[in-house]
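Look for subunit A in each of the two complexes below; its partner is subunit B in the first and subunit C in the second.
Showing the complex of A and B:
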């Protein structure tokens, strides 16, 4: 356990060293808030409510969902693995006395711990700058449940990106696929618009998949909506984590022999 | 006249060379098409969802918004097919001294950079954009006349050139500063925002930024406004004026940059 803790510490320090990166990320959170402010400001100019949202709850939703989206930096994991397999330096991870997936999970934890602090401050800043009357739930049970859901969601995304990175062992070039995945994930996790705006049938289908519970459900819980879905969310997301872990195991066992350490 | 002929011949040779190169390295040929079409289809889904709950965003209905997405996609498609991959590497070429190769050739370096990496893999994006525009015209109930088509094509042309000018301008900053990375990130952030939002929702400081400094806010908005009969004389003049200003500014910065360039020490 101690060696994983060391990795977490190293990646917190790395984040401090690469200050430019988080300034860029902050700029992108600002873009999301400006998008929400302009789009929904225009829409709410002529009405009080849209699908149960007021302008304040809508803006609160965007503040929370962009905070959660920024926390998850696991898409870097798939790119790191893919790049290293392609140039033959993935051997580094194979020879260290540590579980490779554990290494990347610890790395993601280090990044999340650092981001948690930075993005919390920037989110508070956006609330003041955009003069948002922030809506936030006060029920401790919902709060605790949403936090567990977020942790599970982050774990799931780290698993997913680890799995996608491993696919480089078989398919060699996955960058195009990763870019498409990033776009689709932004939509299906509710980072672009709240999923409640979609037709009911589509939302019903989405509930069977994990992405609904990664950003959208925690954000909605935090603004005090759809509390009844918490239990279901925890169950579905946990099941997906178990299934994906089995898929990762099978993929690694099948494809690791294809790696020859000399690059593609 | 002979100069134009010579330049056209150079462009043809560059395109031929690029096609031969693509035949050898086929990996990821349609990659940009898949990535960009995904971006605009997601965009379409987003506004389909929004319009299933509201009638209008500002003064625009669903048809105008679909037209907007299709128009932005079309301008972006021209960008991807013709010049993006050529000019995108300008900062790297300046930084590591590769610009020397372009300066020593008997042809304009910018002309060569613009056309040396055309990307036919993005051509399907033009068709997809055409489909989106047709869908927007049908949804918006726009009555098409030859005058409207000609005007729309004119505005698409002007805005594609403006897009090109802004991209070259931002990348030319590398002649004067160590890295133009931050400017490119700003460009990316502004572009992402304006792909999602039409110019009609901007006000105050946002209008100043996205109508003047990073004019992505007018790029797809003006062609749509022309097609839907919302174009006023002032707006048309503004569009032409911004494009002309950026043409002069980009030409000036590029020329000064070339003079300032001192090989690999940039």
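Showing the complex of A and C:
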């Protein structure tokens, strides 16, 4: 376990190695916040509610969901694995006594902890600067459930991206898979628009898939909505994690012999 | 005790064959053609504990493929392979705990961080107790004389300094076997000599088995008592390094630079003039006549002389032509 903690620490250190990057990340997040405030301010102009949301609950939803969306940096994992398999540098993970998936998850955690810190600061700044009356759940059970859901969601996304990266062993080029995944995730997680704005039938279908529970459900739980879906969310997401782990295991066992470590 | 053993080891690669141009690309979309390339063919090999073995061969000979199979990075197509009693491609942690790989053109270090940071990571990955880590680190830091460099960003190190750090990171857990792939590539003569000195000491003092691939004759000659020559995937020589060079490295290339325009005298032995200008002469001569050539031209007062060994590719080609197998 200590080896994975050290990997987490190493990646936190790499995130803060450059002062310029650090400052620009904060500024970039603040810029997004300003644009979002202008957009939702225009939509709510002269109206108290839009599809059951007040401007405060909508802004709270937006802050939380963008916080969660930006927390998940796992899409970099699939591209890094793919690139490393293609140029042969994936070998560096194969020659050290470590679980490769564990390495990438620990790497992801290092990045997440850093982002957690940045986005927490900028979200708090946002709430204060724009004097948003932040809508937040007070029930500790729902709060704890939502946090577990977020952890499971981040783990699922890391698994998914690790799996897609491994497909390079078989297909060599996985950009199409990644494009489909990125578009699907952006839509289904509700990070583009809240899913309550979509027809009920479509939302029902989405509930069978894990993405609904990654960003959308925890965001809604945090603002005190759809509490009844917590149990189902935990169950569905846990099942997907177990299934995907089995798929990853089978994929690695079958395809790792195809790795040819070209370029070294 | 034998710690590496292969019998009939073979590796075939399958690769997509594409014709050039747009039409070739379009044809490739409709009908794919593949070709098989045999990178290593039916290779039998045994290496004993504590040996320092050189793997020699031109580019594409199959050396790196062999190292990749020995370390488990790739799976063999057929044949048997055992390293420290393990089948490498099972990628067992207990196996990986006992060897290290250093690739001259690939890095294990984090460029934004210090070497100390990377070594800490390796300490945890290999599960080294704090005391053992400190002893091992101090030993190598003193050996390589890099105390001053432990707390600077890796990206600011020179190539030679970085290679020393790569070696420390690889050696920290005291592996039983080290696979070195071109460790002196791109290094100047001083840095190369230092690295060779360190490797010789580690082999001698710690009894570490070292498998070295290099294009540089100097590396092989200075370090490896035993050499294995590979060409087109086949082992064509396996034996004493000194005998290998004695028998197959037949010529020396000598370059003379003169201060004034100079004419070559007649030479009483076989010598090929590769380049001749009024100020510069490049001559290839059988090695037994090298001293005689030097004596003959020293009287012309050259301002600079360079003596070079034959390139590894030429030597391999000669072994191939003369049938090195019988010599093994």
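The rule we apply is simple: the second predicted complex is superposed on the first by the 236 of 264 C-alpha atoms of A that agree within 3 Å, B and C clash if a C-alpha of one lies under 4 Å from a C-alpha of the other, contacts with A are read in each partner's own complex, and residues count from 1 in each chain.
The rule we apply is simple: a residue touches a chain if its C-beta (ideal position, glycine included) is under 8 Å from a C-beta of that chain, and two chains touch if they have at least 3 such contacts.
On a predicted model such as this, the values are computed, not experimentally measured, just so you know.
Shared-chain residue A:13: touches subunit C; no touch with subunit B. By the touch criterion defined above, A:261 lies against subunit C but remains apart from subunit B after alignment on the C-alpha atoms of chain A. In the superposition on chain A, contact of A:25 is made with neither subunit B nor subunit C. Of the two partner chains placed around the shared chain by superposition, neither subunit B nor subunit C is touched by A:251. In the superposition on chain A, A:83 makes contact with neither subunit B nor subunit C. In the overlay built on the shared chain, the residue A:54 is in contact with neither subunit B nor subunit C.
When both complexes are overlaid on chain A, the residue A:3 reaches subunit C alone and has no touch with subunit B. Within the complex formed with subunit B, the residues of subunit A that make contact are 24, 27-28, 30-31, 34-35, 38-39, 41-43, 46-47, 50-51, 173, 175-176, 179-180, 183-184, 186-187, 192-193, 197-199.
Contact residues of subunit B toward subunit A in the complex are 27-28, 31, 34-35, 38-39, 42, 45-46, 49-50, 52-54, 56-58, 185-186, 189, 192-193, 196-197, 201-202, 206. The residues of subunit A lying in touch with subunit C in their complex are 2-3, 5-7, 10, 13-14, 17-18, 88-89, 91-92, 94-98, 256-257, 259-261, 264.
Those residues of subunit C whose C-beta lies close enough to touch subunit A in the complex are 13, 64, 68, 71-75, 89, 91, 93-94, 96-97, 99-101, 103, 105-106, 108, 110, 112-113, 117-118, 120-121, 123-127, 153, 181.
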